[in-house]
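As written, the chain order gives the labels A, B and C, with residue 1 at the start of each chain.
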C-alpha cells in the first residue's frame, strides 16, 4: 500500500490523464523557487536538528490547529502555550496521538495531501495515519529527525530548493540571514521587507515601533520625510540580505495619493496621537502608494495581501496571541481602491506589484481585468484557504481567459511548515498539469505550448517576476 | 422507456461512475433523516387522503409557480387565490394541463428531477409529461391518491423516514403534534422553534404577537426579562413536542451583544413604538445572541437562514400574500456580522449553530473559514435556489478543503412538498456520491474513507448534529 | 497541421464528446442572429475593401490592446493615435510583427480561439502564428483583402448572417443605415437605440447633447415632458431603421420611480446646472424606468449592461480616449436596485428587459432568481470578459437550475471585430453543445430535448426575444 498514488490530482478521463502525467513528469525534478514564505531563517543559520514530530509538524501549523479546534479540541491540548502561563500539553506523544485520533477530519483537505506527502516521502510511511499506528509514526519520525540528513540544510538540498525567501519585519536585525551569509553555506536564502509594524497605525506598539525604526536607521521618524527616508534606508539594508521584494498585509486594498503637504500633516496627526480611525486607514492607504514609488526607485517587487480579518476570536487572541487559526477573510475589492496608486505607477512596466486576495469573487470581476491591462500589475497565486486543488483550479479557470498565464507569477508555498514545501509545490505542479491537460484535451492549446507553459508556471515566471 | 436513469447525476467518466454507483448503492436504502423542513404536521395528524394532482404537486410549490409566472402565466390561472376574493382557476385538471404545456421550461432544473422521480416512483409513469399525456397523468395520480397506501402516514413509512422535523411559529399551539402523539402512531415527527414573528419588529403584527406571546406563557412581555422568559418557556414547550432545534430566518447575519441595561432599553423603545429602523435591526441582531445563549442552556441546535429579500414584488405580495416565488436573494456576509455572537458562545463546543446562505460567494470567503475554526459553528447544506445538483457540487467544492466534511451537517430537504422528499434526498445522495467518487478517482481519498463518508453525509451527520 | 481541431471545446470524456459533436453539427450551419453588437454600419453601406491585417484585426480590438499593454507594449507602438497628435506606429507590418511576437500571451484566452478561427477559415492559414511566419500571415491576409469576396457584404453573406444589429447613439443620424436601405442590398442590418449620451449627466458634453437632442426632434428638452417626448420621437425614428431594442450602459443597476413632479424638478436641477452627484445618479436611475415604460408602449426590447468602471486609467483616457482596454468591472447588484423599475413593469409579460452583468456573483444570487420570477426579465449571455468558454460554462451552470433555459436569450457577439463574428458564434454553439451533452450524459436531460434546446439556444431564443 502507499499513501501517494502517482496519478493523484490528475483528470479522471484517461486521455486527459495521460497528458497531465507527461506534463507533470517534465517538471517533477525542476528546482523549487520559493519566492514568498514564512520559514524561520534561524533554521538555516543554526542547522540544528528538529526536536520531534509534534513540534515540527503540528504545533506551528495553523491549518492543523484550526481544524481540530473547530471540532472541540482545545488549543492547550495541542501544545499551544497560553500567554498567561496557564497549563498546556507538553508531552509531544500525547499531542501526536490526539492528532492521529482526528486525522479523518482532514479528508478532502490540502492538509491531508501535504501530510501524507511528508509522511511517505520524508519518513517512509506507507499506511494511513490512525490511532493504531500513531506511536509507530511518532517514533519513526522522531528517529529520523536525529539523523544528519534531516537537518534543515540537508532537507533544503534534498527538497531541491534553488532559492527561498523568508519574510522579516522592517525592524528585524536580519541576524540569521547574516549568520547564513557568514557561514559560507551555498543555500540561497533571501529576506523580504515586511513593514506592516511601521506602516499600520493599528499594529501593536506602533508608536514605539516608529521610535525603534528611527533608532535603527538614524532617520528622524518624527517627520514625514524622515519616516520615508527610514523606509528607504531599511529597504536598502534588506536588499543587502538578498531581498528582491516587499510584502504588505492589509485589511483592504485601499490606496491613496495625497500631495506631500497633506501626507505630512496626516503623519503628524498620527505621530502625535491625534488621529482617528479614518486617519489611520488613510495612512495605510498612502503608504501603499509610497511603497510603490520606492519600488519604482529601488526595484523591489511589491506584494499586496488583502482581505484577512485578523484575530477574529477575541478569546483566542487574548489567551494565545496571533496566528492560531482564527483569521477569517472578509469581502474585498480592488477596482476603486487601487486607482490612486495606479494613477502613479500603474502604467510603468518597470514596476511590479503582485496582488493576492482571499475573496475569490475578485478573480474574474476585478483582478484578471486589472492585471490584464496595467503593466505594473501581476496576480499572485491562489492564497491561504485557496492554496488547494480546487482553489487553484478555480483560480486558473477564472483568471486565465482574461489575464492569460503571463500575468500570473507561478506558485508561492507561503508556509511556516518547512517539511511541507515539496508537498505544496507538488500539488501546485499537478494542478497546473491537470489544468493544461484539460486545455490540450479539448483543443484550446497545443501540446508543445502546454509543455512550455508547464515550465514557465513551475519555474520561469516565479524566477523572472520576483527577480530571483 | 423510463423517466429515471439508474446512473443519473453520476460522473460521465466510466471509472468515476463505477465508484459513484457503488457509493450510492451503499446508502440507497438508508432511512431518511429530515431535520429541517416545512411539511404540514396536520397531514400526519389527520392522515387524510390528498385531493388531486394539482393541489398536491403544483399549487403549494413556489418553484413551480415562479417558473411559470416568469414565462407569463398568471398565478390566478395556477389556482392561487387572490386575497381580495378575485377569480382564480378552480378546475385542477385545467391547472394540470397548463403545467404540462409548460413542462419543458423545467429542463435542466431540480424541479424536473424531483417531479420525474415522484411521477415514476410513486405513480408509475414512464413517459415524459407532455400536453398529450397530461390527462393520463392527472387521472392516474388522482386514482392513486384515493388508495390507502397514498395517505400521509403510509407514504411516511414508504419513504423510509426515520424522523422528520416540521417548523412552527413560536405562537403555534402545536395541536397537530399533540394529536400525533395522542394517536399512538409510531412515526417520529418533531417540531422546530421558529420565533421570527416575535423577534423581528418588522414582522406583520409584531406588537400583537408579543401580547399573544405573553398570554401563552404567562410572562410579562412588557419587560425585557419577561420577554426573554417567554422565549425560555416556549422553547421548553417545543422541546416537549420533540424539538431539538430552533430556526431563524433573518435578512442579514448581523448579531449584537448589548449589555442587559442597553438591551432592556432597546426593547422598551420597540415595545412602546418609539423605535426606528436601526433599533428594529438591532433587536433582531441582539435576539440572535440571546437565542444562542438559550441554546447553550437548553441544548436546542440553532439554525440561521440568511439573505432573502422577502416579498420582492409588491404587486404579488398585496394580491396573493407570502411565499409565491417572489423572494429574491441579496448580498450577504458573516465575518463581521457574527462576531458579537461568537464572542459569547463561539468557542463553546456544547453549542451548535448551523449557518445557511443564499450568497454562494460566502462559501469559501467566510463560511468555510468560520466553521473550520469555531467549535460552535457548522455549515448547513446548499439551500433553496442552491438545493440542486450544480449548487450542491459547488458547495462541496468550495467548502470541503477549508472546513472538511465534518463541519457540515448532511442534507436538509427543507420542503413543503411532501411527495418530493425521497426525490430530494435521492439527488443529494447522488451528488455526494459523485463528489466522493471524483475524490477517489483522482486519489485524494481512499475508497474505504469514501464509503464511511457516504454513510456520514447521508445519515450520521444529520442525526448527530441535530441531536435526533 | 491545422489551427482548429473539429472537436475543440467538447468534453474530453468520449461518450459526452460524441453527444456534443452531434448537437453541434445539428446547428453548425444555422444562420447567425446577431441581436447586439458594435460593428460599423458604414462597412455595410459603402462595402469598401478593408485595408490591411493590422487595421482590420488588431488596432480596433481592445482585447488585443489590453493584453499587449499589460505586458509592457505601448499603445503608440500598436498603432493607436494619441489625441495630442503625438507620434505612433504607422507601419501596419511592424504592428503585425509586434503582435506575432506576443501571440503566446493569448494562450488559453478567447482571443486565441477567435483569431485562429479567423486565420484558418477566412485566410486559410494552417500553422500557428509566430514571429517566423508573421510576414507570411500579413501578406496573405492583405492579399485576400483586395479580393471582392472579402468585402463587407460578401463576408456578411459568407458568415451566413440572417440579421445583425448595430448600436447607435440617440444623436446619430443613421445615415449609413439609410444608405444601406437605399442601396437595395438584401442584407438585414438594424440599429439599436443607445441613449446614454442623453440620459447620463456624467457623459461628456451632456448639456450640449440635450440641446442637439431638442434640435433633432423639435422637442423642448428644456422641460421634463419635452425631454421625454424627444426620446419617444427618437425611438420611433430608430424603429424606422429596424430597431427592435434599446441598450443602456450604466455604472449600476439602480432604478428609481419618482412621481412626475419630482422627476420634473430633478430634471430642472440637472438642466440648469444645479445638480450634485446624487442628482445625476438619480436621473440615470429614473431614466431606466422611463425607458422601460416607453418599451411597454413601443415594444422595443430593453437591454441593461451594468458594472463597468469606464476609463479606469486616467493616463490612458487623457492620452488616447475611450475603449482602449482600461474599463474594469466593479461589484454590482440588482435585487434592491431594480425594485423601483420592477414595481412599474416587472409583472407585465409584454415588456422584455434583458440584464447583463460583469459580476458573476450576481448569477446565482440575484439574476437567475429575478429572471426566474418576473415575466418582464430575461438574462443576457455571459458578457465581455465572460464571453469565453469558461465564462459561458459558468453562466449555464449557475443560471440554468433557477432560471431554466427559456429565461435566457441566446448569444450576443457584442463585437466591433467583424471578422470574428463567426468565431464567436462558433465558440458559443460549442460551449452550449458541451453543456447540453453533459446534462444528457448524466441523464438530467433526454437527447431529444437537448436537440431542441440546441436549436433554441442557437437561433430561436435570440430571434424571438429580440423580436427579430
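Everything below uses one rule, namely that a contact is a pair of C-beta atoms (placed from the backbone, for glycine too) under 8 Å apart; a residue touches a chain by one contact, two chains touch by 3 or more.
Everything quoted here is computed from the prediction, not taken from an experiment.
The pairing of chain A with chain C is characterised as different-residue: of all residue numbers used at this interface, under half are used by both copies.
A rotation of 120 degrees, rounded to a multiple of 5, brings the CA atoms of chain A into register with those of chain B.
As a whole-number value, the distance joining the C-alpha centres of chain A and chain C reads 40 Å.
In chain C, the residues that touch at least two other chains are 11, 13, 361. Those residues of chain C whose C-beta lies close enough to touch chain B in the complex are 11, 13, 15-16, 333, 335-336, 339, 342-343, 346-347, 349, 361, 364-366, 368-375, 377, 397-398, 400-407, 438-439, 441-446, 449, 452-453. By the touch rule above, chain B contacts chain C in their complex via residues 4-5, 7-14, 66-67, 69-72, 104-110, 112-113, 128, 309, 312-316, 325-331, 358-361, 385-386, 388-391.
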